[in-house]
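Each chain carries a letter (A, B and C) given by its place in the written order, and its residues are counted from 1.
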């Protein structure tokens, strides 16, 4: 039998993928341009016995998904701009208490209310550093409806594997455009679940590092009773100010992502092998960049595209390697210069670097990129 | 890079032009197996204002999903014509509502006029199907999908109680356009 | 035989952080007695708190416990209860945590009538941060941020809860130790959102600044001002001025949120099955 196909929006693909990944609990608060995710899940989750709740604000939505995740559910929340600003408090809670959850940010212009219906890519650094304190970050940035599906599934897998919040960064265009997607069959995409304790309840500690950097997580309400706090905690989950315990825990929480960066990172490379200039772009802008690369190649310019699908952790080794073999890297992004700072940090002056920003609510066009490439070369 | 065909539907919010774009994209991508992307721009108004819906159709995967050089454009209101009927290539086409767009934009494209809203209201009996009349006309004008594929996509999208009405709207729009071509 | 509190206290977690004279310990013991009376299973009970002195309570007791962020207890608890409706979910916290920063979550939990019992220890002050005024600090009262007396009007937590839709609302004080467990038992057994406001004493941050010479004086005031709800019914508004009405102030039966959602799931699944 032919696989099921449909012409659907990115937001719809994201919602259906969540269910495919095993999501059984969604909490949200209405906000443009993310609302379709909540709308689809309010319809689909009850069909599989899952729960949808619209909370009183974006902070509450984060709180509710963290609570549900502690009770063993796979959970998701979706928001945008001002909503993401509010969520930072509890994204930090999910980081320190190590609670798996997926948060979709359909980026819009800002700061503040900004441009609710216009596309943007200006939350790159918020995704990395939005909540206070040192913490690891995983964020993915899909660029098509099909990829939104597969990356949403991967976001759940990463959240469950590393016991932490994972953000999906989309922009208004990929979220709202409609493309044909082929729905994967059950079992076609890998589904990963959090590691449950193998020890007896009496021996269980929620942050027991004897099982590695990602301790098993029991569901509250099962036979494992434990304590969770947003304070710095000892392996038993209770607050501590003991210097060496605090230090060890803080470092472990960064290490669980840093040490696994190569497993988490995912990039797409297009015509980079012989490239003299590379356009480094993600999300919707990467599609303009690909169009630009094809046109430039026709004109004899050896252009290539490097597209980080995982934005955080940033693929620093690969980008540093590419910088050594090209004349220049161009970073078009729908903000006034965010990801370019990360590229600059990694490239360390080994090639020319130029940014191209746009914040007027319109996408960066292929022709803008082509002009920029010609200007730089 | 694939040969792209770019179509823009524009009008007032609430006229159903986003739906017209979706139906065209479904006809191309789902029924004819081509590649298609539909996108839209919208403001804070649910009704009124100017809205546009763009469809890119190609034989191979589409990278940039927005219009770059419009092959065919529809404008149902003067505001939409002023705001969105631009970027049309030489040899491109612009279809306007002959009653509502009194000052069509100038350019090296071919201009066509049809009383789309009037046709929906008077000949079909329901102004609400103006978008499907327009879709029929655009399919006739561009030939980017077949008459049959467009019709099948219309029928797949509308509720059963309105199938006949929409089928008629699509057919009348298609035929009226054919008459003036 | 004396009640065995040890059974419910986590080994090694005492002494608590509360000051001598603070009423939170009285409330904790009342809560433990209430849970015991209700025969709740430790594994199937969750106690959720926000931030503040009162919110440290969950760390001391042997249940599933979540010390969340400031003000967010009700929202976390809502997620947990929805996720596992068979779990008994209790919230504990203070006045500032519950009805200032957490006010929005509090009123919406009331509105949903989700089956959670929320115990608010109202000591009229932000104790942990050093005695700043809260929405429950009396007008003209002194706090570290009202050096000239408090210009703000006061929140009546019980009235707020009733107005927002809570279906069980009770009030008592830390002085009325024996009423605390009684009210909590009633709250737990009530199907729906239950609020138990317990007027509490903070001798360190509130008493000291407001001319209470000792915590005994603060307790005595609770004793003297308390009027049982049945007696209050026979008194005039003038007579009730400044009094603390105690007991069950409001109780009604209304659909509970998780049950409503379960019915929604049944309806949707029946429709889907009908189509398939």
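The working rule: contacts are C-beta pairs under 8 Å (C-beta built on N, C-alpha and C of every residue); 3 or more make two chains touch, one makes a residue touch a chain.
Here the structure is a predicted model, which means the values were calculated and not measured.
Should one ask which of A-C and A-B has more C-beta pairs in contact, the pair is A-C.
Centrality by Cα centroid goes to chain A. The distance from the centre of chain B to the centre of chain C, each centre being the mean of the chain's C-alpha atoms, comes to 60 Å. Inter-chain centre distance (chain A to chain B, centres taken as mean C-alpha positions): 36 Å.
Of all the residues in chain A, the ones that touch chain B in their complex are 5-7, 116-117, 173, 176-180, 284, 287-288, 290-291, 294-295, 298, 363, 365-367. Residues 1, 22, 25-26, 29-30, 35-44, 62-66, 68 of chain B touch chain A in their complex. Note for the complex: chain C touches chain A at residues 10, 13, 42-44, 46, 48, 51, 58-59, 62-69, 72, 75-80, 82-84, 86-87, 104-105, 107-108, 261, 264-265, 268-269, 272. Those residues of chain A lying in contact with chain C across their complex are 25, 27, 46-47, 49, 51, 53, 55-57, 59-60, 63-68, 70-73, 89-90, 93, 220-223, 225-231, 238-239.
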